Amino acid sequence: MTTITIGIADTTFARADMAKCAISELKENASVKIERYTVPGIKDLPVACKKLIEERSCDITMAFGMPGSDPKDKICAHEASQGIIAAQLMTNTHIIEVFVHEDEAPSDREFAELAEARAREHALNVIKLMFKPATLEREAGTGQRQGYADAGPARA
Amino acid sequence: MTTITIGIADTTFARADMAKCAISELKENASVKIERYTVPGIKDLPVACKKLIEERSCDITMAFGMPGSDPKDKICAHEASQGIIAAQLMTNTHIIEVFVHEDEAPSDREFAELAEARAREHALNVIKLMFKPATLEREAGTGQRQGYADAGPARA
Amino acid sequence: MTTITIGIADTTFARADMAKCAISELKENASVKIERYTVPGIKDLPVACKKLIEERSCDITMAFGMPGSDPKDKICAHEASQGIIAAQLMTNTHIIEVFVHEDEAPSDREFAELAEARAREHALNVIKLMFKPATLEREAGTGQRQGYADAGPARA
Amino acid sequence: MTTITIGIADTTFARADMAKCAISELKENASVKIERYTVPGIKDLPVACKKLIEERSCDITMAFGMPGSDPKDKICAHEASQGIIAAQLMTNTHIIEVFVHEDEAPSDREFAELAEARAREHALNVIKLMFKPATLEREAGTGQRQGYADAGPARA
Amino acid sequence: MTTITIGIADTTFARADMAKCAISELKENASVKIERYTVPGIKDLPVACKKLIEERSCDITMAFGMPGSDPKDKICAHEASQGIIAAQLMTNTHIIEVFVHEDEAPSDREFAELAEARAREHALNVIKLMFKPATLEREAGTGQRQGYADAGPARA
């Protein structure tokens, strides 16, 4: 069986090393090869992910970013997300976006905890996408969340 | 006659299993093959649909998502929709988007009912697009709605 | 001389049969072949137009839609418009977008009148683009409107 | 030396014949061939420009538009601008966008003057891009404006 | 070893010659070839960068722009950023966007200082991307900023 290669793109702008948490979670759960690519900011992530896929043979990629709370930063995040979706369509390859917005947590400590939890839960989503698609299908429509408590299914 | 294959892409984020309702409706109305692909969130849908079309030979695809009520979630839905349109243009294949916004219904029960009704009505649209285009043409400009009562044509 | 084929894409969501008005206007003014394609909603129009161009050999296409008045509907219209522009760039073929927003008219009757007038005037634009480009050039910068009274040129 | 061909795309919607002013300015400053293409509205400009480049061999193109003051019109202008940027990327060819917003001037007379001044100054930019790139480089970061007084460089 | 070529795209609209500062910083830190391309405005940057990459063999490009403070200018910057991301995806090449918004500083003097500092710090990012990727990886998640004091990592 060929080893799966997982691309990890992240930024020096972010205030938490989400990539490290995700890599640790990935390695605990599967035997995978990691290719890491750090860029300055969130808008550099789309091409970094595309290069990981096309030039470093990644089978799937994670993109870690931390948009600031300023309206300008929100627009940057929007542009990055559009680019990440375009990169996926150009390569037929998943890029799991893991963004934590600076204003999602009231303190540094809670922000760091949220970032780590979200990174780890999305690492598990990568494992499921690559190795356990049936698990994802069983969880379809069940209100899963990453970094927060699950919302659960709506009771009919 | 070749059997039509219908792709079904949905998410673990959503709080209702719309895909299940749609698959049931599709099977009641036509003899079709179903390919299902569950991904974590709404922004993973565009590439999932493109893979269903290009790697799993789907003739048409449905994309089920449930955007949350937060402004951030609205932007995610917008990005996903743009990606779904791009995926259609890259493949010359329809992807019927079935999104139910969390704030469209006041209670869990009504939300679940709306989600099921919209999923079933859009499943019928898929059947019409693939098997009964003349029916769609007869309904042109008649104010059809999915999950709500039809608006009907404007009386001149 | 080869007959020009004009694609007509419209929706079952719209509350007026603009396509019928446009087809009537087109046939009164030129000998053309019509290919009609009705889809459920406005976001299905971009790929429908691209299929009309690439799979049904249309030389030009019209896209009829009626965005609702809800903010969500405005975003759908924006996404559809972006897709229609992308489809044109991918095919080097005009797609004349004819959208009538639900909130452009105060009553059903006025809405239906506006929709018919706009559909007919844009049908004439299609005729000009295909057969009378010099007429369009003569009207350049003259404040033409479709469905409303012309604004006319700014008096210097 | 091969003659440069300059594409001129404009609309019947606009209330000023900016193209005429630009063509006059271009011809006063260089020996160029002009290809003009008038379309109904601003959203028809991207494909018109791409056709000027790919089907009528233009080396550079100008796109003239006049967005109305309604929010709907602002969104149309945004969509047109995105399409114009995409057309440039698909052809590796400049399209100089010359838009004058209806609400930029308080009266018809001032609007017409602004439109003419902007059209002429951008025509000079086209001349510089094609014939005098060193002049543009000398003006880098100097706060040039088109139709208004130059802002000038920020004094450090 | 082949010399790296760095593209520098900037505008005459900007009120500071950021490109000059960046070129000076680049030359102080590495032996590189510079290709400069000045265009009128921010929306001309995406195709300028793509031409630098594809027609003038740049290995990486910097794009300098100064969006005005008017809402219209903010939308221009958004469109330019989307185009810059698209150009990167089409070429698998980084374009480091260096935009300074006119309203980021209260005075001309502070604006000019901010513009120079940001240009120089992003020039160092270019050096790291091309020559020292391990340095970027060490700075991952550490809250780096360009032109402002670094935010630093969130303390867990």
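Read from first to last, the chains carry the letters A, B, C, D and E; within each, the first residue is number 1.
By our rule, a contact is a pair of C-beta atoms (placed from the backbone, for glycine too) under 8 Å apart; a residue touches a chain by one contact, two chains touch by 3 or more.
Just so you know, these numbers come straight off a predicted model, no measurement behind them.
Participant: Chains shared as neighbours by chain A and chain D?
Facilitator: Shared contacts of chain A and chain D: E.
Participant: Counting shared numbers against all numbers at the contact of chain C and chain D, is it over half, same, or under half, different?
Facilitator: Different: fewer than half of the residue numbers at the chain C-chain D interface appear in both copies.
Participant: Per the centroid of Cα atoms for each chain, what is the distance between chain A and chain E, given in Å?
Facilitator: Chain centres of chain A and chain E, defined by C-alpha means, are spaced 25 Å apart.
Participant: Would you pick out the residues of chain D that each touch at least 2 other chains?
Facilitator: Residues 82, 86 of chain D touch two or more partner chains.
Participant: Just say which it is for the chain contacts: an open line, a closed ring, a star, complete, or other.
Facilitator: Shape of the chain contacts: a ring, since each chain touches exactly two and the loop closes.
Participant: Looking at the complex, which residues from chain E come into contact with chain A?
Facilitator: Against chain A, chain E makes touches at 74, 78, 81-82, 84-86, 88-89, 92-97, 101, 122, 125, 129, 133, 136-137, 139-146, 151-156.
Participant: Quick check on the complex: what are the chain C residues that touch chain B?
Facilitator: Contacts found on chain C: 10-20, 36-40, 43-44, 46-48, 50-51, 54-55, 64, 72, 75-76, 79-80, 82-83, 86-87, 90, 108-109, 111-113, 115-116.
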